[in-house]
Every structure is written in C-alpha cells, then in structure tokens.
Amino acid sequence: MATLEIINVTKRFGRKVIAADNVSLEVHDKEFLVLLGPSGCGKTTTLRMVAGLEEVTDGNILIDGVDVTDLPPRKRNISMVFQNYAIWPHMTVYENISYALKLKRMEKSEIDRIVHEVADMTKIGELLERIPAQLSGGQQQRVAVARAIAVSPKVFLMDEPLSNLDAKLRVSMRTELKAIHDSAKATTVFVTHDQSEAMSIADRIVIMRHGKITQTGTPEEVYDKGANLFVADFIGTPPTNFFDVELQRNGKGLHLVNSYFDLRLLPENEARLKGYNKDQLTLGVRPENIILVKKSKSILDTTALVVEPQGSHQVIAFRLGEKIIKIVAPALPKMEMGETIHLDFQQESLRFFDPESTLAIGD
Amino acid sequence: MKKKFTVLFVVLVVASMLLAACQQEVVEEAPTTLVFSSRLFSPPAEQEFFINEIAKPFEVENNVVINFQIIDDQTLLDRADVQQNTDHVTTDIVVAHNSRMAEWIENGWIEDLTDIVAGWKDRTFSEAFVENTNKDGKQYFLPVGADVYLLLANNKALPYLPDGVDLDTITWEQYAAWAVAVAEGEGEGKVCITGIPAKSWVYMFGGTALSYGAGFPDANSAGALDAWRVWESIGKAEGFVPTVLNIDSCVDPMMREESWLTVFHNARAGQVYASNETQFTLAPAPTGPVGTGSIAGVSGYAIMKGSANYDLAVKFLEYLTRPDIQVKLAKGTGGFIPPVKEAMDFLGDEAIDEVINKAVLVLENGVVSGVPAGNYQDWGAVKACFDDVFADTILTGADITQARLDEAQACIDALLK
Amino acid sequence: MVATRSKSLRKMWGQATPYLLILPVVIYYAIFWVRPVIAVIIGSFTDASGVFTLQNFVMVFSDENFWPALNNTAIIVLFSVTIEFIGALFLALLINRKFFGSGIFLFLTLIPMALPAVATGAMWITGLTAHGWINSLLYYLGVLAEGEKIYWLGGIEPNPTKLLALVIIIDAWQVIPSMMIILLAGLQNLPKAAKEAGYVFGGNFMTVLRKITMPMLRPTIQTAVILRLISAIQIWLIIVLLLGFGRIPVLVERIVYYHEEVPGLNISYQMAAGYTIVVSTIVSLTALVYLRVSGAFKKEETA
Amino acid sequence: MNRKVNKKIIKAAKDTVFYLFLTTLIAGMLLPVYFIVSLSFLSTREAYRYPLPLVPALKTDFELTYGENGYILSVWDRTDKEYQTVLDTNEVEKMEVYIKARLGTKITQEEIRAEIARLENSGQESIFFTKPRSLLYNYDTFFKVTRDAVPALIRSIEIAALTILISLSIGGLAGYAFARYIFKGKDALRFSVLFVRMFPGVAIALPMVFILAKANLYDEPLGLSLIYSVGAIGLTIWITASIFMGIPKSLEEAAQVFGGSKLQAFMRVTLPLALPGLAASAMYTFLGAWNETVAAIILTQFKPTFSVVVYQTLLGAQGNVNLAAAGGIAMALPALIFTFFLRRYINQMWGGVTV
C-alpha cells in the first residue's frame, strides 16, 4: 500500500473562485482519512485533484513519493467511489467490476477470480449478471465499492459514497466500509459533509473550510479539542453551545460572566487562560457537559422549552436570550416541557475561544 | 441490442460503399456514355418510348449508352451553369424549351451547329422557329417536338354546342358561346385554362389574339382587345371551372372531368384524348378573322460546349432529326409535331396521326408565332403581366378597359431588353 | 523547468479542448457556408454593377408583395407554432402513458414526418382539388350531396384566410411528429414523483399539467419551440406546391420566386439577396426575443 | 365478488374507449396517407374518377360489343355503376396497351382475340368478361421507367449514411464540447450554430454546389453528403449537446479512474450510452438527406440519388397521379423502414439516459 502527499495544492476556477487554497496534507499507509467540511469547502475538489479528474493550478501531489500531479487518472494507480456511484448502466455488474482489469489485460481466469472475491467481500455475489437498473441503491453502492477495490489501488478515494442512501442503510454501510477497508488495507481518502459519519469511520479527520484545512486530527482530537469555533460548532450533534462571556477577576478567582450566569472557573481552567489578556471570551460547552443539578448547586435556572426523549438519553432545549441551547441529559429523571431546570457546566471539558480570531485558547 | 445496432449501422455503411464501388467499376467498363438531358418527353410513357424505341437502336448500332434524363428547364440551366463554370462538363446534349433558348445561347453554353446542319441535305427545319433556335444567323438548336394549341372537349359538352357549329371551323365567339351555354346548363363553369401564375395563360390568350390579328405578345392592340373580349364573355358568365386558380396544367382537370372544354397544347391534349378516345373530341383551335391563331412551342436539341463526346453527339442528333425518326418520335410521344418539312411524308392515318395532322393543319395554315422570349429580360415576368390582367378582370367578371390593357402593355414593354 | 513547461502546456491544452472540439464545425462552415453567405450579404448591399447601395432594401420594402408576405408569414408562424405545440404536447402526453401498443402508436404518428415532398404534394393536391379524395370521402359519408363540391383551394372568389388556414393545418399535420418527439423525450425524463405529488395535493389533470409538468418541461419546450420557430418563418414549399407562386406570398417564397421563377430580371438577384437578408434578420431577431423572453439565456449562464 | 366483476367490466370499458379513441386519432392522422397509398394501387382510369373509389379494384369487368371502327370495349365503372366505353377500335394491340396502361389489368393479345371470337360466335350483341388487376402495375411502371433505380437507391442510402457519419462526428464533437465544458463565448457560439439554420438555405444552395464542384466533388456521393451536413450539423449539435448533458459526467470520470484514457472513456462509456439518442437524431439527418433533390439534381450526372431519379420520373406525371403516388410511396418506404427501426430509440433522444 501507499502514502499520499498533497503539497501546497491550489485550485482556481477562472480568476475569482479558489476551490482549494494551498492545501497540504499527508495520508499514511493504510490510513482511513476523512475530508470533512460543509458543502463548497473544497473537499471534493481536493479529492478530484488527487484522482486526476481536476487539474492542479499549483502545487504537487505525490503517491508513494512519486509526483503524479501531471499524470492522467489511469496512471495514478488509484480508484474511486463516486457520489452517485457512476456505475455504467450499459454494463452488467460483472462487466462493471472487471472493466479496469480487462484494460490491464489480465488473464480471464484471474479477472474472474478477483471479481468473485470482491463481490463476495461486498456481498453482491448473487448479482453479477444483473444490470444496474435492476439493483437497489444499496446494491449499486456495493457494486461501486467492489469495482473500486477490485483494482487493488494504491489509494482509494471515496466521494460522499453514502450520501445517496437512506439513513439506516447509511449507518450500516458505514460499518461495512470500515470493515472492507480493514480487510483490504487500502490507503483511503473519504470525503463527506456528515460529521457523525466522519467520526465513526475515520482514522484521522481533516476538516476543511473555504478551501483551507482548518484542523487535522483523530476523531477524538477534533471532537474534544476543536481548533476553532467552526470546528467546535461543526463536530457533534447537537452542536456545541457557545456563550459570549466577559472575563471578570473577582477577588479569589476568575469568573465568566454574562447576563444569565456567573461561572467561577476552577484553577486548572484559570491556568489555561493565563496568557489570554482580552476581557471578552467565547465559551464553548458540549451539550452533554451541561448537567442537571439541584437548585442549590446551579449556576443557571431556566425553563425547558422542548424535551426530546431519545431512549438512552434526552435532549432538552431552552432559550437563553436569542439563542436556543441544547443539552443532553440522562434519560431519567424525565423532564417535562415548561419544567424549571437547574444547570451547571462540567468544568473539565470547557472550551475557550478568542471571539476575534475564533481560535481555541488554552489547549 | 445497442451493439447489434452499431454493427448493423457499420455494416450498412460499408456495404453500401462497397456496392457503390462495384457499380463504379461496371460504369467504367461500359461503352461510351452519351448524356442526354431533356425537358421534353417527361411523361413516363414518353420516357419509356424514347428509351426503348428511339435510343435503343442507336445504342446498339454505335455501341454507346444513352443516359436519358428528364430535367426541367430551370434546373437544366442551373446544372449547365455549374458544369460550365467548374469545368466538369458531363452533359452532352440538352433539350430546352424555346422560351429559355435565349439564355442558353447568350451564356455561350452550347455549340454552334450551323455548319453541321448545312451538311444534312435530306431535311428542312420548319421556318416557324428560326427566331428562337438561331441567333445572328447561326443555328444553335435543332427543333424537335413542336406544338400548337388544339381544342379538346369532353363529349358531355357536345350537346351544348350551338346549332350549326362545326367543330373543325369553330370560331372564338362560337367557342365562348358554347362555354357559356355549358356553364348555364351545368350550373358550373367547365372551361379549363391554367390559373396558377406563370404557366400557360399567355399562350392560350396569345392564340386568340393572333386569330384577331394581334402580334405576340400584344396586350393592348385592337386585335388583342377583341381577344380579351372573347375571354371576358366567358368570365362574365362564370364559364371557367371554379378551381381555375389552382390549375397548372389542364391534363388533370380534363381527365377528372372537372372541366370539359379547353384549348391547349396538342401533345397534352393528345394525352387526355388517348385516355379515353370515346369520351373526348379533338379539333383544331378556334379561328378568328385572320385565321386560326396559335403560339407554336418547340423544344430544341443542342450540344453542350465542352462535351467530351462531341462527334458522337452530332451523330445522335443527325439520327434524331431524320424525318422518319422525327415522325416515329412524334407518334410515340403523344402527338408533337415534327418540325421537319420532309416528315409529313411519313404520316399515316392512325388516331395519333390525326392529332398530328390537325396540329400540322394549324401550324401550316394558321397564324402562328413562336415565343420571342429572347427579347425580354425574363419571360416568366412577361407571363405574369398577362396573368395579372386575367386575375383582376376576367376572373372576377370585371370589364376589360383599354386603360388596364395599356397598363399591361407597359408592364410587358418595361421588360424588353 | 521542464516540468513546469509541460505542465503549462497541459493546462493550455486543457483550456483549448472545447475550442478544439468546436473547430471542425467552424472550419466546415467556413468552407461551405460562410463564403456563399457573405456573397449574398454583399449582393444585398450592392447594385448590379457592384456599387454600394441601400436601394435593394428600398426595393424590397416597397415591393407590393413584401407587406402581405410579412403579414402572411407572421400569421402562419403564430398559428402553426401554437397549433403544432398543442397538438404535439397532446400526443406526447398520450404516448407517455405507455399503454399496450404505444410503440406502434408512436411509429404511426411519425409517418407524416417521413414522407417526401413528392408524396405529400401528390397527396394534398389530389385531395384538395374539387374532384379529389377529400370531397369523395365526404360524398361517401353523406356530407356532400351528389354534385355538391367544396373548393378547398379556393374558388373564383379570393379567400386568403381560408387558404392560410389550410396551409397551417397541412403544415401542422406534417410537423407535429417532429415536435412531439422532442416533447416526448422531455416528458420521459421528468421525475415521476413531482407529478404524483401534484395529484396527491389535490390537482386535477389540467392543473398538474399547467403548474407542474409544463414548468418542469420548460427547457425542452424551449428547444422544441425555437427550432420550430426558425423553420416556421421559413415555410414556403407546401404553399408553392399547393398554390403556386404569388397567391399567398410569404417571405422565403419570395426568395425562391426571384431565384426560380423570374431569375432573368435585372433586379432578380438583388431582390433575392435583399429578401434573404431581411428574412434571416427577422428569424434571428425572433429567435433572440424568444430565447430572452423564455429565459433560455439565464439558464445557460448559471449552468 | 360482484364488485370485483364490476371493476373488471369498468376497466374493460375504459380500455375499449381509450383504444377506440386512439384508433380514431390515428385513423384521422393517417387518412391522407391511406389515400395516397390507395391511389398508388389504382389504375389510371380509376385514379381520375369522381368520387374516387375508396379501395383499389382487384379485377376489371369488360363488355365487348360491335362499334363503328371495330369493337367497342367498355369497362365497369364502380363510381357510376355502369359499363362505360373506352375504346372503339379494330386493333388488338391497341386494346392490349390500353388495358395494360390505363386499366392496370393483365391481358394478352391472344386472350383479346379469343374474346372477340367468342363475341362473333355467340351471335349476341355483347359479351362480358373479367380479368384480374395487377395491383402493382404503377410500381412496376415506376421501376421500369426509372432508370438505375436500384443503384440510385443504394447510393442514396450510402449518401444518407455518410451524411449521418459526417454530421454526427463533426456535430457530435461540438455538441460534446457544449455539454461538458464551460468556456468563453459558449452562448454566442451555440447561438451562431443556430444561425446557420436561420439563414434561408434556398438562397445559397447554388453557390454551395459551386464550391463543391470546384473541389472536385462533382458527381460524388461524398460531395452531396458534405452539402447535406451543412444543414444537419446545426441540429445535430443541439441534439447531441442535450444527449451528452443527460449522461452524468461521473460515468466518464469513473472510466478514466479505472484505467481508461479520455478517449477510451468516451468510446467505452459515453458513446454506448449516447448511441440510442444519436441513432434517433440520425433519423432527422437521414430524412433530410434522403428527401433532398435540389442540390442532388444539379450536382450529379452519372451517380444520381434516388430522390433525383424519382423526381425525373415524376416530372411529367401529369395525368398520372397514381404513378406519382407510387413513386412517392416508393421513396417514402425506405425512410419509413428506417424510422420504424429507430422509433424505440427516439424516446431517449433529447434528454439522454436516465441512470
């Protein structure tokens, strides 16, 4: 298998549009890397440049140390799963999978062996003689994957391969893709805008925005240590709650204050803000880190606006000025709409952001 | 399926090309081909006759192939234009109508045949057509298939024939009276003339005018006025078939029995006559004070300049204009008049000979004019001047006025070269 | 150094690709089309001796047949495009229902389109004449009494309205199939769900057609109408076949008239060239206006 | 249970009404076509009767009697329901020719003589006899008179195929560019392609022919294909553009990723998918090239197209509408066959393939 290096790659469409702006990243051997970001962030463009389907305006792409920037797709030793699968409607499943192998002038028996192998791996062994129109969405997706792994590429590219599937199928395919990756051991770049998909499947996540990489890290890193407001907001459902607060040094300790609450920071958190000398701050708290407490211990009292029971837990939404804040609480005790709730923040997982630069502080 | 289609398509293309290539070889192996493009003998039966009865003996004798093609005058000229101006002369002989001969001569697309004709001692071409076929004393066209106008009547109209009228000596006034009587009796006009612009009305009217001593093409002379009066009287009695404006040839309306009476082209009249001899009666065109007037049309053979088979073409024309062949051709093609004086000796006494005889009668004894198309910028435009008078006076039943005719004459004169 | 050069070459190649693909067409038209067209354009602006003049256009505009021709053309275009569109849409909607035998039905409706002019000419002329098959049929059906006739192509009395109507109907008969094909293909590519939703939310056939099918079909309709519009303005052959020149003058018929009927006049070439320029100007303006009004350009820009 | 039956009946009734409606519609649309076909089978005499017979006769009934010039031959007239005289002659050959050419009926001179003898021997005033019609007489004549009809037919197919090839390859390339690329001047170019159709072709037909002739393409099938392509390319570009637009670009990209060059991707994936639509667009081109006469008649001499030979045969078909009809049908037939085989692809023409 192989490594993939993207070095200072820029893509411009026309004069004005910059789809990828000086993107650099490295994908390790056998790694499952997810490019994550909202639509239009340049993740698909980046992937397509790796595939060779889009010309690189500037920069270089290396696969296994070899510069492939100017090579056509077929000479890059990659394969790809397309968003709409792009399986050829005029060929049978077998023909779809064997297309690339035939072009490589492989022995017929060898092709046959590989096709059956990947078909079994993707559980479409029964469907080989069908044409795509006779397949369900999930089956088509499997064909696309089977076609992609049949060529044993150095790099395996997936462009939102699950986005056309229904919710349930998406979750199960997600697991299967991961399993297939584990058995095929292919270096994989996977593009998605669905953060939960990314979290569940990735070895490493690259978060892109406006054509730039904003953060790279393991799912845990990007979840717990979002590099900026955008990442913190983008990762996790419900998203991180943000509060604009004022830093107030009050005798013994540092307080985060706004018109709704006054939070006295624990010393370790105070230490994180040591180098920060502005008096405005954006506080980020994950929904599960806002906890229900007794009235006596609360720093914030409010009324539940909506309660969504989820079985294992419940999501409680309440209004704070203009904002709707959502918290995740254990399933019991069951809250009712309109009930007064008493809340506190778990101090060990608070996130601090500079409201001007939006960058995280004190990591 | 798609694959099959592709294969089928490719096979089709390749096969057709191969076949075409084979054909080409066949053509190359064949003896000399003489291309004969004609506006004459266009009815399929006439084509068949020309190919089998006229061309074949010559082909056999001289080991040539006559490529006989029917093309209308305008296309023939267009084709000649392309051939002459791009040096791809493939046509050898053309047959043009006398109303278009001037264009051929003026463009210099055809050979001067004066010397050749001088060598043929056994035939004398009819003087009536010199104006069209010759220019500056040189002979370019050899006349063939002359025509005059004959009266053709459906026998259903005979009961309306005014008493004492002999069809062989009928006058224009009697013809008009007859037409009026038919219209009154049937409640619908039955006279056919061509109503679509730029067809034959100018000739139909011209014949009448000549009978009254007018020249051709005269619109406003005294004789012409008398002729207009004849037609005016038919118009006023609504004697024309109601669909007159849609008629470009009287063959179809006469055969459908939409119309019963007409004076038109002898070959076409002969064609209708032959379709049911027991149903139709053929007579010479009506007469007037100065005799039986008729426009005489003619077509002519000419050899294209640059023809690769000039000698052979001359030989074929020599053959075609032989009096016996002229007669054979005339008889086989519906009753054209052979415009060679010696030809009359070869006429027999069959029905078709009668058609020709009647036509010859008109040609010989009548007041005949050719078509002086060469004097005008465009003969079609001259026709239109006459068509207009018909459309806005006779057809609508309005009076013919001298002023309207003067206007028409101005229209004609403006077109003089 | 070498690497960057090859890269920029590749890039240039990439940008040039669409132009290279179009190049054959441009060359083709340059050879076979542009030269004659330029000759006609020059001809329209010069007199017989080759001197620049606008006289040709003055002649065209003051030609007694020009305004009737323009008028007739406008009427034919307006009615025939409308009728053809409605007829074609109706047929397309019908065939789109995919009933048993719809394939054969489709083929049968295509027949008028495949007939050569010789056949259609003979067909209508033998039909419309007073003793033709149409009157025969009406007679057998008892519509016409014995001896009674309908003069389809007009009797002695000039009746241009009737003739125009006839031309429009005959033209529609022949053209509807080709327009229907376009609309049919468009219909078949529409997502079914949108239409079904229309019915679910209480629409009847007409409202669904008007509010859902038609708007979604708009690009197809635009293509169909623009192609038809262009050829409808240039209608002439069927008119001349039926009525000869000059009875119902239309614009392109005038061009053919000067080319074929009276080619010998001193002014024939100038008139034909003038009419040609006028016609192509009118066609392009109409097409442009249509494309603009129907919003085809906007769609193109965002695409 | 009753309800079930009722439903079935209602469904059957609805179907019947629907198909009745379809039949009426098609009958209305194809009525003119029926008459031209029927006309092509009529004898010349019947083709000019009024009211026109609705179906061709399969036989001709004759009456033979004595006349002024010999024998009077009469035929049964289906319109007037009586025997009508057509000939009064002594010549057997003339009778034979007349019966063949005007009545489209097979008869030999011996048979005529036999009938005459029968009349003479019978002592009656008249006798009757019946002969079968040769229904295909007009077609027969048409192909007999039309010289080289078969080579011309093949040539026409070849020219149409060539035209399709040229206009699809050249126009298809441009259509592909308009469908797949965004580039400067795209709209202007697309509109100018349309402009070619806006310029009245009749005005430049002859000059175009001149260019061809000067390029040594006089009397060459290729030359005609080149001329026909001028008109066909514009339409082809618009049609192919919308076909290619309908084929997802990713299919082609997938082919590139899986080892194909751009060309291979196009040939293996896009082209097969576009083929039905292209085939249907080829139909327009085919019909255009097949029916064209104006340029063909000027530009060909030894290698005329089928349309030219038909034109030449029918130029003088006055008084022979049945023959003209036969010629028209003979010409329409190949085009109809072509249409018949392509109709299944037509559906896919303008929007391409749905995946």
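Letters are used for the chains, namely A, B, C and D, taken in the order the chains are written, and counting of residues starts over at 1 for each.
One rule holds in what follows: a contact is a pair of C-beta atoms (placed from the backbone, for glycine too) under 8 Å apart; a residue touches a chain by one contact, two chains touch by 3 or more.
All values derive from a computational prediction rather than experimental measurement.
> Suppose every chain is reduced to the average of its Cα atoms; which one is closest to the average of all protein Cα atoms?
The chain sitting closest to the overall C-alpha centre is C.
> Select, from all pairs of chains, the pair with the highest number of C-beta pairs in contact.
Ranked by contacting C-beta pairs, first place goes to C-D.
> With chain centres set to the mean of the C-alpha atoms, which chain is at the far end from subunit D?
The chain farthest from subunit D, judged by C-alpha centres, is A.
> Which integer distance in Å separates the CA centroid of subunit C from that of subunit D?
Centre separation, subunit C to subunit D: 21 Å.
> Just how far, in Å, is the C-alpha centre of subunit D from the one of subunit B?
31
> Distance-wise, how many Å sit between the C-alpha centres of subunit A and subunit C, to the nearest whole number?
It comes to 55 Å between the two C-alpha centres.
> Report the inter-chain centroid distance for subunit A and subunit D in whole angstrom, where each centroid is the mean of the CA atoms.
Once rounded, the distance between the two centres reads 63 Å.
> What are the residues of subunit C that contact at least two other chains?
131
> Two-or-more-chain contact residues of subunit B, please, as numbers and ranges.
2, 252, 256-258
> Subunit D: which residues touch two or more other chains?
48, 50, 206, 272, 314, 321
> Going by the contact rule at the top, pick out the subunit B residues touching subunit D in the complex.
Touching subunit D: residues 2, 5-6, 9, 12-13, 16-17, 19-20, 23, 27, 33, 35, 41-48, 51, 67-72, 75, 78-79, 81-83, 85-86, 88, 90-91, 249, 251-252, 255-258, 268, 271-272, 275-279 of subunit B.
> Within the complex, which stretch of subunit D touches subunit A?
Spelled out, the residues of subunit D in touch with subunit A are 248, 250-251, 253-262, 264, 268-269, 272-273, 353, 355.
> What residues on subunit B touch subunit C, complex-wise?
74, 103, 196-199, 238, 240-246, 248, 252-253, 256-258, 376-381, 384, 395-396, 415
> Touching subunit D in the complex: which residues of subunit A?
Listed in rising order, the residues of subunit A that touch subunit D are 51-53, 72-74, 78-80, 82-84, 86-90, 99-100, 103-104, 132, 147, 151, 157.
> Going by the contact rule at the top, pick out the subunit D residues touching subunit C in the complex.
Within the complex, subunit D contacts subunit C at residues 18, 22, 26, 29-33, 35-36, 39, 47-48, 50-52, 54, 170-171, 173-174, 176-177, 180-181, 183, 186-187, 189-191, 193-200, 202-204, 206-208, 211-212, 226-227, 229-230, 233, 235, 237-238, 242, 246, 280, 284, 287, 290-291, 293, 307, 310-311, 314, 321, 324-325, 327-329, 331-332, 335-336, 338-340, 343-344, 346-352, 354.
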